[in-house]
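So that you can tell them apart, the chains are marked A, B and C in the order they are listed, and the count of residues begins at 1 in each.
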Amino acid sequence: MGTWTWFHKLSSPPHFYRIAGQLIPWFAIPAALLIVAGIYGGLVRAPADYQQGDAFRIIYVHAPAAWLSLMCYTVMAVAAAVGLVWRIKLAHALAAATAPIGASFALLCLATGSIWGKPMWGTWWTWDARLTSQLILLFLYLGYQALRSAYDDIGKADRASAVLAIVGVVNVPIIHFSVNWWNSLHQGSTVLRRGGPAMPASMLVPLILCFFGFTFLYAALACVRVRAEVLRRERNAHWLQDLAGRRGRTESST
Amino acid sequence: MILATTAPLRAAGLVLRRDLALAFRRWEQVTHPVVFFLMVATLFPLALNPKPSLLADIAAGVVWVSALLSSMLALETLYRADVEDGTLEQLTLTGQPLALLLLAKTVAHWILSGLPLVLAAPVVAIAFGADAAANAVLMTAIALGTAVLSLIGSVGAALTLGSRRGSVLLSLLVLPLIMPVLIFGARATALAMHGESAEGPLWLLGALLILALTLTPFASAAAVRISLE
Amino acid sequence: MADAVDAHLVADHLHLWRGQRHVLRGLYVEARAGEFIHLKGANGTGKTSLLRTLAGFLWPEEGEIRWCGQPVGRDRDGYAVAMAYLGHENALKGDLTALENLHYATNLRHATPQSAQRAVLERLGVAAQADLPTRVLSAGQKRRVAMARVLLSRATLWLLDEPFTNLDTQGVTDLAALVAEHTRQGGIALVTSHAAIALAEGQVRELVLA
């Protein structure tokens, strides 16, 4: 009963606004620590790859970014589905907030992949399986954003983009599979993977740290963005005006 | 509570027949997707090099890209007229399963825009120097691929009904979703053109079609209801 | 029509927002069999929104709609069949004849013989236009054909949004009489109209939205 009340409170905008605000440091600080530790471990402590030298180190950003972009799309689709089926506006706000974060991760993955490719292959772009998949994922994100911005009514934008996100999330594994299949046919450069057949612990541990660090980063960013969405959507609501009024009074009294 | 006494399948048949009857009253419009298809295919030799060996190499890809672009353009017409004259909202009030009625509309749309491409594709393939023996596989693959495209596209078309942006937005939404169709379809065609068995990719296309048939009508129905708000 | 005896519509404290506008604010409407309700109000007071909410296109954020005692959400298809909606658009295909339009529209719900369709067109005064493509008809004639669809729908609840648009005075009177007859037979009609609905018996209940 306690858990359910807590969950119910979470889906009410004023409570979520407050709770999310309190949670931000709990996500941001671990994120910073994990990422710093992971990057330090990856750039300084891990040995150079026997094949690719120091260039492979970009994997410490590239791989977590790829993972996060996929995770964000899933979160976005699930949140959108929850919002659509149970008509919870906050779920829609989470989907809206997650989309740009996920798109940024996809872009980061593409950029780091490109930077990786240049010293390796001399070209800024290779039609590698992962990069092509991430590119298509980025297109999916862009399409989602485009659909959202096409509607002035936020409710309609929420619901329409929710259907799109659900169709997209079903498609993502299919796209993944078909791109891998396509890539294997044409002997594409499949070497943008982790360096070497087996990763020693000194290489693996920083990677895992970065994975978790990026995940916490997402959580922190999501809290910030959802609060911003709540502000935007509820700007005429009483609770928000009270909050602003109360703050204003406190400030003017100091 | 009385339910509609017409059986759902019969109702779907009525919707299908109405759309086909309407299209054939202005049947010159039915030819537009095919003409567009032929024009796009013509762009490639003009932009590149009409050297036979090059054209034969790119034949499969050109046919598929042109077919997909033509189908995408035709998707605009799926719901637009019905929204403007109020027919679409009446479809939601018949008491019949909306997903089924929309599936009937999509089938009609495919007959009018996809099926002609199935017949026109061999023409382009041969113009690019491909072996006529590959035509059976080509036509099957195009039939399957355009069907999947119509189904996925119907969701996109429903989602973009109420927006001002029209067909560019529709393309942005639908193109990433149909890249697997392109990959499997073009591969099947290329294999056939090289005299090899195209079974694998054809089965994959078939699987995509079955998946699309079972899932997209419900997404379309949800999208249409959202658009009518 | 079926279930005319216990036909009963309740819109229970509906709240509806269109974007940022609070269009319906706790609206309560009750309609029983035999009632002809004229929805009045200035532009923008939510008449069309109310009809569209009752028709199921819009979902109220709060409140419930009940048909014959049951919440409408429980049997959407059953409710849809018991109801006929006429919006601002006529829902006619211009390239099809009036008869063909009716054929498709009515048979989607239940089998309707062509003779019945012709009879209703006659009743509405557009029998001569039955075999013409509707795009050549005048605006008033199109409205009548659209009304024919409502008549043939065997629906108990009629939701008519500005049905008198483009009709001449005789047409308005005839149509009002037709709707009144429907309610006399146990049906319910909710009609929006800018004009007054002149019916001698005074059985029209007016509902003003503000």
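By definition in this document, a residue touches a chain if its C-beta (ideal position, glycine included) is under 8 Å from a C-beta of that chain, and two chains touch if they have at least 3 such contacts.
Computed from a predicted structure; not experimentally measured.
Engineer: Looking at chain pairs B-C and A-C, which one is connected by more C-beta pairs in contact?
Structural biologist: Top pair by contacting C-beta pairs is B-C.
Engineer: Report the most central chain, judged by the distance from each chain's C-alpha mean to the global C-alpha mean.
Structural biologist: Closest to the centre of all protein C-alpha atoms: chain B.
Engineer: State the chain with the largest centre-to-centre distance from chain B, centres being mean CA positions.
Structural biologist: Result for the farthest chain: C.
Engineer: How many angstrom lie between the CA centroids of chain A and chain B, rounded to a whole number?
Structural biologist: 33
Engineer: Starting from the mean Cα coordinates of chain B and chain C, work out the distance between those two points in Å.
Structural biologist: 36
Engineer: Please work out the Cα centroid separation of chain A and chain C, and write it as a whole number of Å.
Structural biologist: Distance between chain centres: 49 Å.
Engineer: By residue number and range, which residues of chain A touch two or more other chains?
Structural biologist: In chain A, the residues touching two or more other chains are 155.
Engineer: Mind pulling the residue numbers of chain B that touch at least two other chains?
Structural biologist: Correct list: 229.
Engineer: Report the residues of chain B in contact with chain A in the complex, numbered from low to high.
Structural biologist: By the definition above, chain B touches chain A via 152, 155-156, 159-160, 162-165, 169, 172-173, 175-177, 179-180, 183-184, 187, 204, 208, 211, 215-216, 219, 222-223, 226-227, 229.
Engineer: Which chain B residues qualify as touching chain C in the complex?
Structural biologist: Residues of chain B touching chain C: 1-6, 11, 14-15, 17-18, 21-22, 25-26, 84-87, 89-97, 225, 228-229.
Engineer: Note which residues of chain A are touching chain C in the complex, please.
Structural biologist: Spelled out, the residues of chain A in touch with chain C are 152-155, 236.
Engineer: Any idea which chain A residues touch chain B in the complex?
Structural biologist: Per the stated touch rule, the residues are 84, 136, 139-140, 142-143, 146-147, 150-151, 155-156, 159-160, 163-164, 166-168, 170-171, 174-175, 177-179, 181-182, 185.
Engineer: Under the touch definition given earlier, write down the residues of chain C that touch chain A in their complex.
Structural biologist: Those in contact with chain A are residues 17-20.
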